[in-house]
Amino acid sequence: MNFSSDNVTPICPEILAAIAAESDHNALPYGADEKSEQLDAAFSRLFGTDVCVVPVATGTAANVIGLAGLVSPFGGIVCHHHAHINVTESTGVAFYGGGAKLLGMDGPSAKIEASSLETYLSGHVTNGMHSVDPECVAITQSTEFGTVYSVEEIQAIGNVCQKHDMRLFMDGARFANAVAALDCHPSEITWKAGVDALSFGATKNGALAVDAIILFDTELRQRTEQNRKRGGHMFSKHRYLAAQLLAYLEDDLWLRNARHANQSAVALAQSLENMGAKPAFRPEGNELFIHMTDELAQTLRDGGIVFRNWPSLGADAYRFVCAWNSPIDLIQDLPETLGHKDQNSIA
Amino acid sequence: MNFSSDNVTPICPEILAAIAAESDHNALPYGADEKSEQLDAAFSRLFGTDVCVVPVATGTAANVIGLAGLVSPFGGIVCHHHAHINVTESTGVAFYGGGAKLLGMDGPSAKIEASSLETYLSGHVTNGMHSVDPECVAITQSTEFGTVYSVEEIQAIGNVCQKHDMRLFMDGARFANAVAALDCHPSEITWKAGVDALSFGATKNGALAVDAIILFDTELRQRTEQNRKRGGHMFSKHRYLAAQLLAYLEDDLWLRNARHANQSAVALAQSLENMGAKPAFRPEGNELFIHMTDELAQTLRDGGIVFRNWPSLGADAYRFVCAWNSPIDLIQDLPETLGHKDQNSIA
Amino acid sequence: MNFSSDNVTPICPEILAAIAAESDHNALPYGADEKSEQLDAAFSRLFGTDVCVVPVATGTAANVIGLAGLVSPFGGIVCHHHAHINVTESTGVAFYGGGAKLLGMDGPSAKIEASSLETYLSGHVTNGMHSVDPECVAITQSTEFGTVYSVEEIQAIGNVCQKHDMRLFMDGARFANAVAALDCHPSEITWKAGVDALSFGATKNGALAVDAIILFDTELRQRTEQNRKRGGHMFSKHRYLAAQLLAYLEDDLWLRNARHANQSAVALAQSLENMGAKPAFRPEGNELFIHMTDELAQTLRDGGIVFRNWPSLGADAYRFVCAWNSPIDLIQDLPETLGHKDQNSIA
Amino acid sequence: MNFSSDNVTPICPEILAAIAAESDHNALPYGADEKSEQLDAAFSRLFGTDVCVVPVATGTAANVIGLAGLVSPFGGIVCHHHAHINVTESTGVAFYGGGAKLLGMDGPSAKIEASSLETYLSGHVTNGMHSVDPECVAITQSTEFGTVYSVEEIQAIGNVCQKHDMRLFMDGARFANAVAALDCHPSEITWKAGVDALSFGATKNGALAVDAIILFDTELRQRTEQNRKRGGHMFSKHRYLAAQLLAYLEDDLWLRNARHANQSAVALAQSLENMGAKPAFRPEGNELFIHMTDELAQTLRDGGIVFRNWPSLGADAYRFVCAWNSPIDLIQDLPETLGHKDQNSIA
């Protein structure tokens, strides 16, 4: 069983079928095809408001291009110190943002708290053109520590942003897991709470490679598409991005996959706790951070379980990530199923 | 029949099969998987020398990231005025190149001539830090006008570059068509002629979305990979890029597809000439530029043939692009087959 | 006698006096001082309209920061192939412009002709986000070949820009020489003709180091000041830039200096023609481009005259630049005064 | 008496005289003049090792251009959270550094401690191309809180940098004040301790506008000069920067000015303590941070003393900056001299 990340998973069958179905005919390039032209309407239905959809192939591209529309080259983006954009995306934000600066802040379990944000923004003293003033806040849902902002928490952040005339961006690489966990309407944690742009992840949750920038402020379209083009992210065979996304939405595949991943994480947490592990945070999405003894870690690894050390949480900390294809039965029956091979095992 | 571009084509069956075959198991992300780890060796065998392979998903990405390794932020890239990088890639070269500047020059049929290049470079008077001095030459093979540099032409360009201590880059979005046309070993028109980096296109010739940056100077790897990452082009499910590329090389699929496209273009040229059209250039790859009367253009369009006006060559100029799936039988039998539907027709 | 450039000259006495007068007291930094606060009003009076003044210390800074307000990172700036911004400012325009691209065009004596510009812009076929579309036109007044656009010529260019919704920028490193030559009101060749921003040069014409960005579109102020700050061009002792500019305007010092330089150039042209030289262009400002024999060139150099070869106009071409301190009496009496030392001679 | 900043001061007489002396003759531009050509030798003598000198007109330019030579576009610069480059230079570091990122850390009195730096660097876990890895450390001497690193402290930081293969940069906007305070040889706190590049400030200490980038690693010259040029910081009348710097070094003017400023700060600290203020840090250079009551602050202001609130140190915190022209006699005799006018008073 492999829990090293959800990006080790293959394409799920429904999305592979959509790719195959697209492959028996020609179609117009650069988004002028029939599938691509359905995207705005499909996501507008999903979110219950008019949105623009700008698909790209990676989560990093979705984040850095999405953010580039929300901040000037002289401005700052407030984010959590542990935010993916701050830690794992090289200098991509400054690159696409023309120099825009990430301003890290703390908060429990990788969450920004609205009250802390209010303190941060109220305490910022501008020095005019000399200082980098915050222009945007970026949050990750679900977070880098597997926790999920509640609807109320995001609304509170949105209120602070509105008060301070800040833009609000959401890194939703695992947005589906958050919506599945909250069992809310996707609008509740996005535009209704003031989110201007969302990185809507599909790659980790069953797609080949597609994350969509969802623009709730549709005036951002031109700038975002220009950044996408010159960044090299405008696919000629754009229909393959569209086909993946449409299949991902159809019959709520995105939520079904996410629910499976989340339930697997809950089951895994239970099994590991039974074996003596202690969760670092209450698992809410599909990521699980635990503390355990060296002995237990060794037992799991000897049994073919793959997972990562997570030293930023301590020498005894580890991360397990479940996914749409996690073998929930085997997980529930741990430790009896240690050593069983499954489709998730890497040869 | 649709000849508007080779990017209207779907994935070819072999590459779709490779994607499907990759989809029943997990694998390590970010290029650490088994397929990705075969890339350097596979392309080194193909080219007969040690190369580094850095796959990305679009031709623009391959060009702008490939070039960014060959030029400083203060330097110039000599290219043809009609080069794709100069005309159709927004300000991508300056973006990834940190300000590097394209220096356009003329030449017949979108080709840079070695003698003109020598004159250009010899005539350039540096003004030290004030001027933008050429550091790199970029050529497209096959060219934007469907012509193909001969082995000797590229060697001559390579010699001029060597004399002037210039780097040499090749935009090979249609590299396969050029190799098929020349019936040469791929090394002859690349590293043996002094090419430092090649954009090796697959997307237009049967892949879903993958063009590979081939680094003949393997010391360029780190910088190129760093640019790829922060540009948002590092795929987590990198194996799907690798799987496409390996299938593309297997049993010379890349050449078989290209030969079909080239032969279709020859057949199309013949058929159109029979109908009264005149080629603007001798078609060598899979692109065909012709002059014809309004009447003939209308006849073709009435018969369901799709193609583009090409005003930069005159009001009576048009472009036709053949591809791996062009219906060569129907093409040969023009004008009798006007009106026949084929898989290439866009609904 | 030194005619190698007008930037070899020292500060003129009036401006040195202004610097000295500023040096017996403290004053607020960053433009909050009394002198700086007079700038907008002083230049608004000069131009007869409300302007914003953003002083910097070099002509390159004035050009690249001025242009950065007029063009998007995805856009093009149409300029003459010989424009200083295209030839002598490294990759500064792309740097400050976030990738914005210079699009060179031809024209006689370094001038863009309105009719050619109209042809260029009408002929440009946009390819949407793929192409670099012209957003701005930049002209140099007086030009890089010492010629001066007439009022009508600039108005015609302004009309073309307006028709095509282009911004218009003027590199006025030698603006004073142009106004002196035309004997027009400065408004006639700037905002009344549609110029959005002007680089108003003082350094070559008597100042220590100050060129002012004059914004006729005052909404450009914030962006321009932000670019100035982060480019490192916001002087703490801003009053010294202001003091230079105010002294430069006082009693029309800028025009008096420029007239002297222009008259010297006319005298020099006459003297050199008498000795057998032929002007390449009719000298209109303070720069003189001539053709002459090797023998004459040697005679002049033997007599202590300093000037530059100008190979882009031919092997027998040379440039002479006069300035506010040119020894017009010695010039008029050439060749008798060959060998005379003057304040312009470089030890 | 005005203590709002040392940048409110005028040019000191010696430097004004040097500017005047340069103003009766022509000279070659762009650093080819006699004065500019003396710079490398003069500073090499001062530092006791071969250095390259790259003068610019502002401290921000010196910092951001100096740093751009020490870090890649993908790398990080470790600095104190309160560092001028992090707080007061807009997004200049990322602009010139092509995206390079500032990584803030804490430390007492705006100093980075070697032990904390060691912990920071040892604890950094690289994630390869995904993470921003530290490549450079930047310290300010004297610091933003008026404290001065001891020779031993800088050597310890240099040792940590060497161990971790980091470059070391010093923002020396008030370098003279630090050397005067330490009474050390300037080599002791720069190249002998491992500093690769220094921003050597003159503007705040008597010059009109010049700060010099001193490159102890002389291989940095080309890149630094290229960045200077395209940033618009290459002065045509470069000799005026050189003349200021040479006068600044002559007869140790730089140290005499700094000693006066430092002694004034000590005297001011004593006078203010006598009146009831408490220093926030022991004043070592020319800046003084104190806590005092509202009543005392009002008394001082009523007596014509100008200074700033400094809220980042508390509601009762204030900054006073002394300079080369501070009226030390009036300062020593406070509070008796409240209300006296001096040359420092701003009208």
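Every chain is named by a letter (A, B, C and D) in the order it is written, and numbering of its residues begins at 1.
The rule we apply is simple: a residue touches a chain if its C-beta (ideal position, glycine included) is under 8 Å from a C-beta of that chain, and two chains touch if they have at least 3 such contacts.
All of these numbers come straight from a predicted model, not from anything done at the bench.
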Third chains touching both chain D and chain C: A, B
Chain pair, A-C or B-C, that carries the greater number of C-beta contacts: B-C
Whole-Å separation of chain centres (CA-atom averages), chain B against chain C: 43
Chain A and chain B, separation of their C-alpha mean positions in angstrom: 34
Averaged-CA centre spacing for the pair chain C and chain A, given as whole angstrom: 52
Overlap residues in chain B, where contacts from two or more other chains coincide: 73-74, 89-91, 95, 99, 129-130, 226, 229-230, 234
For the chain C and chain A complex, residues of the former touching the latter: 72-74, 98-99, 129-130, 225-226, 228-230, 234
Interfacial residue positions of chain A with respect to chain B in the complex: 2, 4-5, 7-11, 13, 16, 19-20, 22-29, 34, 56-65, 89-92, 95-96, 203-204, 208-209, 226, 229-237, 240, 325, 343-347
Residues on chain D engaged by chain A in the complex (per definition of touch): 73-75, 87-91, 94-95, 99-102, 125, 127, 129-132, 311-312
